[in-house]
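Next come two complexes, and both contain subunit A; in the first it sits with subunit B, in the second with subunit C.
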Partner chain A sequence: MSPQATEGGAGGSAGLDPKSSTAASPPPPAFGRTLPSRGREARDSRITAGVIALGAIAILIGGAFVGLILEGVNDLSGAIAAFDGYLFRVARFTLWQAALSTLFSVVPALFVARALSRHPHFPGRGLILRLFAVPLALPAIVAALGVLALYGRAGYLAGLLTKISGGDWPGIYGLSGILVAHVFFNLPLATRLFLEALNAVPTDQWRLASQLGMSARAGFRLIEWPALRASLPGVAGLVFMLCITSFTIVLTLGGGPRASTLEVAIYQSLRFDFDPARAVALTLLQILLTLAVVAVLMRLGANVTGDANLSVAPRRYISSGRGETALDAALIALGLAFVAGPMLATVLSGLESDLMRLAGEATVQSAAATSLILACLAALLCVMLTLALAMARRALQLQRKAAGEKSFLEHMTDTGAGFVLVVPPIVIGAGWFVLLRHAGNVFALAPVMVVTVNAVMAMPFALRAVRPAYDAASERHERLCAQLGIRGWSRLRLIEWPVLRRPLSTAFAFAMALSLGDLGVIALFGSDSVQTLPYLLLARMGAYRTADAAGLALLLGLICLALMALADRLGKDTAQ
Partner chain B sequence: MRTMLFSLVSTLAVAAALPAFAADKLTIYTYESFTSEWGPGPQVKKAFEAECGCEVDFVSVADGVALLNRVKLEGKSTKADIVLGLDTNLTAEAKETGLFAPSGVDLTNVKVPGGWSDDTFVPFDYGYFAVIYNTETLKNPPKSLKELVDGDANEKIAIQDPRTSTPGLGLLLWVKSVYGDKAPEAWAKLKNRVLTVTPGWSESYGLFTKGEAPMVLSYTTSPAYHMVAEKTDKYQAAPFEEGHYLQVEVAGITTTGAENPLAKKFMEFMVSPGFQDTIPETNWMFPAGKTEKPLDPAFDRLVKPAKTLAISAEDITANRKAWVEEWLGVMSK
Partner chain C sequence: MNSPMRPGGVDIRLEEVTFTYEDMRMRFDATIEAGQITSVMGASGAGKSTFLNLVAGFETATSGRVLIGGADVTAAPPSARPISMVFQENNLFAHLTVEQNVGLGRSPALKLAEADRTDIADALGRTGLAGKERRLPRELSGGERQRVAIARVLVRDRPVLLLDEPFASLGPALREDMVDLVMSVHRERGMTVVFVTHQPEDARRIGGNLLFLEQGKVIAAGKTEEFFGKNGPEAFRNYIGTGNAEPQSQEFARKPT
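And then the complex of A and B:
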């Protein structure tokens, strides 16, 4: 789920900024003087690399805007005419489904998080929390399929649901399907974030509460609620943002024009109608909407890391009554069933499919190969860009010690990558699509677009893994390198590579998983000749070859989970 | 050094000459169900390749309207020699793009309802749109379009998107030709019966045969597939009192294809029995030309439209965008 994951990274890198810059203790003043060349030298090769990386990002985003603006100017009347009732209905639905998704994700999450926090010894608690981290790593299309396999008209629960509803179970296409899938993704995320907030409550408060003999209600009102309330706007804002830019879920579960969001409408206006003017209008509205949400998020100071470290639960002094324990257990079980259900359905239906035949199919093999190659390239590009930015930022920071003020360039290397989060992949794709169509066969450019857009989208995440490691390494080796005159490639190879190998691998695995699961860019640019696994999955799903789709989903889900687990593992080891 | 330079130049020359060899390839853009393994594509490819000693390359998109969009998007630089799978509702608009060249095909063998005289596009099959229903789950199928519109909203139908699919566009025109200016009101009612709107025909038909919807928009000829290939009468077309909308599917040579002699050869092949014989029992439509073997008797048991409906190509070209937007406006409410 790329928006999910990338968004998580946004806050991550933003959250790191103050920390990393304060953590880097200023070098002694003599440093600048002993190496006069460094202070005066305008460009150290690291900065050049950073400038190139920034330039590449600017071209990618800027090019998309040039395409959109040119098209808009070219067909101004068309673009203006596209602001019609349809457009506003789509915008309204986008906001409406996001609001409902947020409500249904965040409110239950409050209760589940509270229940989990009150029972640190709940059987399987660690496992549940780990399971709650899985949706983050799951490609959206896999989740969509899992939801369908469970609640669809022909799903595992169809019989039961038919009995409950009395009539024929209508399936879950439309708003209900979108909501279920969004809650599947965001309920666990919100739960983890709330739990983190609750875990941050000082143990003293609990002890005090216990000594004063506070009832559960009083404890909630005086201790838990203030902690939850503080993190509520941020969490809700994050979930809202993720739902407003949701593409794959709406595309696969929307089931027609009635349930269409701006992103899906952008895709349809290019691939269905071929109406670039409408695409421009929709894109404009989408950007305005995301900007507004991001502005509100920033004002709220949302903690959007989505990366709660929950391994240690603080000691608790809570004695809950039997009734309350039962209620909490039921809440946790409900939350667990809701999150585990679609995953289980994905696995079951995947195993039911003819996996051997699928694996032998030439189309599947070539799609898998294409996916892996493109994801590897995207990850490689992402890691290179990220390293370049991290190096340039550090070099600029060191240079500045003499000068004082942060330069524009340093600001850009600091937060520049964060800008990509305001611009959803579909928007970048759409911009390039309308720009490139004059230059010939846009579908032939699919590999380039997939690699570059996914690489840049994964950057905020990668930065989170790479930058602290680079800064720490530089802290340790900067002077040694300067004294020995080790620079450029040899410095990278001899000094930095051994230290950075792990964080770079983390970033690589992460970027690869994100890129593998992406459907946004390939949905626009994909064709018969360039197919990735998610694209093939969508095609099989479209052709209602459900068994095939289920098998592919299982495969894709497992690859992404393995990569994410690897990234997590490598990341944790580095931290130690 | 000189030999090296020479070999380099000659390699480049050979590389430059490669596209000339590529002329032995014919690129055909078509819709998905045509090229699927159970569609006519594989047989047609085999038969024509044997005849021409060339290579046929099919490129498929979701459905007929998407096909036109794709060609428009690629413009003059399109790789397609032939675009196969547009229908009469799109031909006038396709001609306006200036991307198609006269076919030069002898049309004497072409037989479609209402006759054929277009110099650019050549028909390869035809059929009538119809609502297909599952006789086991739907006891009282609608007897008219009005009954479909006004009927029980719990009995769902899967339809296609007119922005991508020719049957989707067909239904839109069908409703238009029956309801006229009242079409938006009809769609507002029909909307409640629509389970889902799929981009192409194959998606919605798959949904229907999987049992997700008791009705689907398809063709009067679709039940023939189930009768012949599956030996079942379970799926039937519902005859509508107002008549059925006609679709003639056509192919055309692009300006790119005008340079490729194989394109015209293929078009001639298309109206010959070699191609037409595969149509009834792979594309499940009526052939638009002579076949060598007679149609399966199942085709005689199909619904025969009481009246054939069609809107003139000029009217469609002038209004398609507005009508589709009108539809989108109602369906997105």
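And then the complex of A and C:
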């Protein structure tokens, strides 16, 4: 072993030890093997990994656009003709339902959040907040079923609602169903985000308020409302964005052409009417719409991945009167009932179904197996892409040093990943569908499409778990690794993996839950030969086998919740 | 160690090296003698760490050349330079054992042969860490952690050792022990040691040479004892706070004992 007999760096000059330059060159020592020949500027393998990941994402999204553009060019007149009254009616309904959903989610959320923040010792407050996190983790189709089980024509509340409305309860399909389901998802989300904003108010402001003898009303006007108002545009924008790209809810609860959104119309035009020209027109409109919303959102500085970090509630110094306390309690109870209702209905109706028979059914078993395998693969791919992007971003940032401008590549690894949210899965699916339909059986591609699209869609969320952990580890290890020449695979195995195991597991569980519950791409590409649990659920619903659907929904909901709880837990342990 | 060559040291030359950090333009011209210990001193922000980083390869000179043992390493990455470095903190990977942390000095992929393991055990014994091979860094004291870093220097066995205020967070007595350890390692291996410190008593204890930096320049260089003598450079005496009063400095130097 002769560690110091190394070759010169850049100049290709003689050995560092003058003696060794005259003697025959000794065999390269262990570390000499990895000496980059181009010196310092040698490409970091982490950047290569990031470039590969970005390339894969670009192919996935780009391929979809190529498909859409080719189709549009091929059938230009058809695509133009597709911009007809129907298309604009669908677009108008898309916007209308999103606007109403946002209104009904955000305005009540303001009051519920305020009530929760005013009463940090409200009994069961922690439990309520945890319950409010559940809809985020629940697959949309499960929630849709829960809403139907509660408010549907044969739902648990149908009797009561019949009495109230006087006539026959018509069920909850159409706009009302869509609104209820969207509010079920977004009211808790908005509440948590508003509560976060309220918790960010410095305790000193409250101390001052109480010292000045502010009433509850003045406290709201001078302290709470400014905090809420600041986060209002971002929260409302986020909810609007989620509602405008909502697919599953509208597919399962919307009724016919009168209550259809662009995404559902894309699906119908490909699966039922087989009218690719119309699909292209619809997709174009959908992309323009989401782009416009995202542009506004960026302006507002909204947190597009929408997750709230709830800290411990700070102490409140303004005491509430008895009347106000009662009102707040009623508000919280109402919000709770609205959110817990469909969940409870899902559990009850699921338990009523013949779970044992369902579990023994070969179709169910194979759908469950397919779901798990595809979700695992999607999560694995997601974690790999995420890690590659996180590493490349950090490596580029270090190369740039403090002063320089960010390169295009660094921007792509940094914010670029968030842009995948702009392109709804259905759009990517539709693009590949029209591109590949000439190439043979598109349905055979279902597994590939589901895995890749779901992996990429979960990436912005996975990045939130992985990137801070990676950056913190790099902060500690970067110089040491550079000094000791630990890089590439060795670095990944010896240094990164032990440190990042937990955040990567968090990202994996999260991505897996998202993928398991997703009914987007599989709705387009699914068939009898490749079906996942959500796809089977949709099929059973379509065949009016409501009990089966309820049983499957319970199963799917529980798996997703368990995975999300696991992700949450792993994430919390990392933070400590 | 069974190194074919007696490591000895190599000289380090910075030839008109310029570097800009934030608003400060630095320009270093210096020669560090082979096989000697050279302390680098100067006020905070004088450029001590930048000086060391330029030698180590963590910073790249805007212009000028860095030569180690006559070879131009100006553009070489840190791991390609014949250097071991001990930082003030984060010298160890928290999830790896003492033995693994030392082993990384021999193989960055941690592929260790039997002979390597023997060397690692020797180095750990030499630094007073025998019996702690399986510990994790968090189970060690601050001083022990820096000993692990020095054990790694021993197995890495490179002709240059850079120390960037490695003992700054240790108490005075412990710091003296560590300085003595560095000196004995230097006696044994004869490598070129560059020691950045802001403790005059450390530099004094070490002896050897001294570079004094001010505002991104080496403004004085020479034997350490001359710096502390009656005719030491004025800027240096102002820095250590003795002014012209030589006796005070002696008192100061004695204080830790």
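Convention: the second predicted complex is superposed on the first by the 529 of 576 C-alpha atoms of A that agree within 3 Å, B and C clash if a C-alpha of one lies under 4 Å from a C-alpha of the other, contacts with A are read in each partner's own complex, and residues count from 1 in each chain.
The rule we apply is simple: a contact is a pair of C-beta atoms (placed from the backbone, for glycine too) under 8 Å apart; a residue touches a chain by one contact, two chains touch by 3 or more.
Model, not experiment: these values are computed from the prediction.
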item	value
Of subunit C and subunit B, partner touching more subunit A residues	C
Touching partner for A:A362 - first (subunit B), second (subunit C), both, neither	neither
Contacts of A:V499 with subunit B and subunit C, given as first, second, both or neither	second
Contacts of A:R487 with subunit B and subunit C, given as first, second, both or neither	second
Partner chain in contact with A:V90 - subunit B first, subunit C second, else both or neither	first
Subunit B versus subunit C as contact partner of A:P257, first or second or both or neither	first
A:H477 touches, of subunit B and subunit C: first, second, both or neither?	second
Complex contact set, residues of subunit B against subunit A	32, 36, 59-62, 65-66, 69-70, 72-75, 77, 79, 154, 156, 161, 163-164, 191, 194-200, 202-203, 206-207, 209-212, 324-325, 328-329, 331-333
Subunit C - residues contacting subunit A, complex	2-5, 7, 10, 22, 56-58, 60, 68-85, 87, 90-96, 100, 104-111, 115-116, 156-159
Contact footprint of subunit B on subunit A as seen in their complex	84-86, 89-90, 93, 152-154, 167-168, 170-171, 173, 255-258, 260, 268, 271-274, 437, 440-442, 527-529, 542-546
Subunit C contact footprint on subunit A (complex, rising order)	1-6, 8-11, 13-19, 26, 30-31, 34-36, 39-42, 402-403, 476-477, 479-480, 482-487, 489-490, 494-495, 498-499
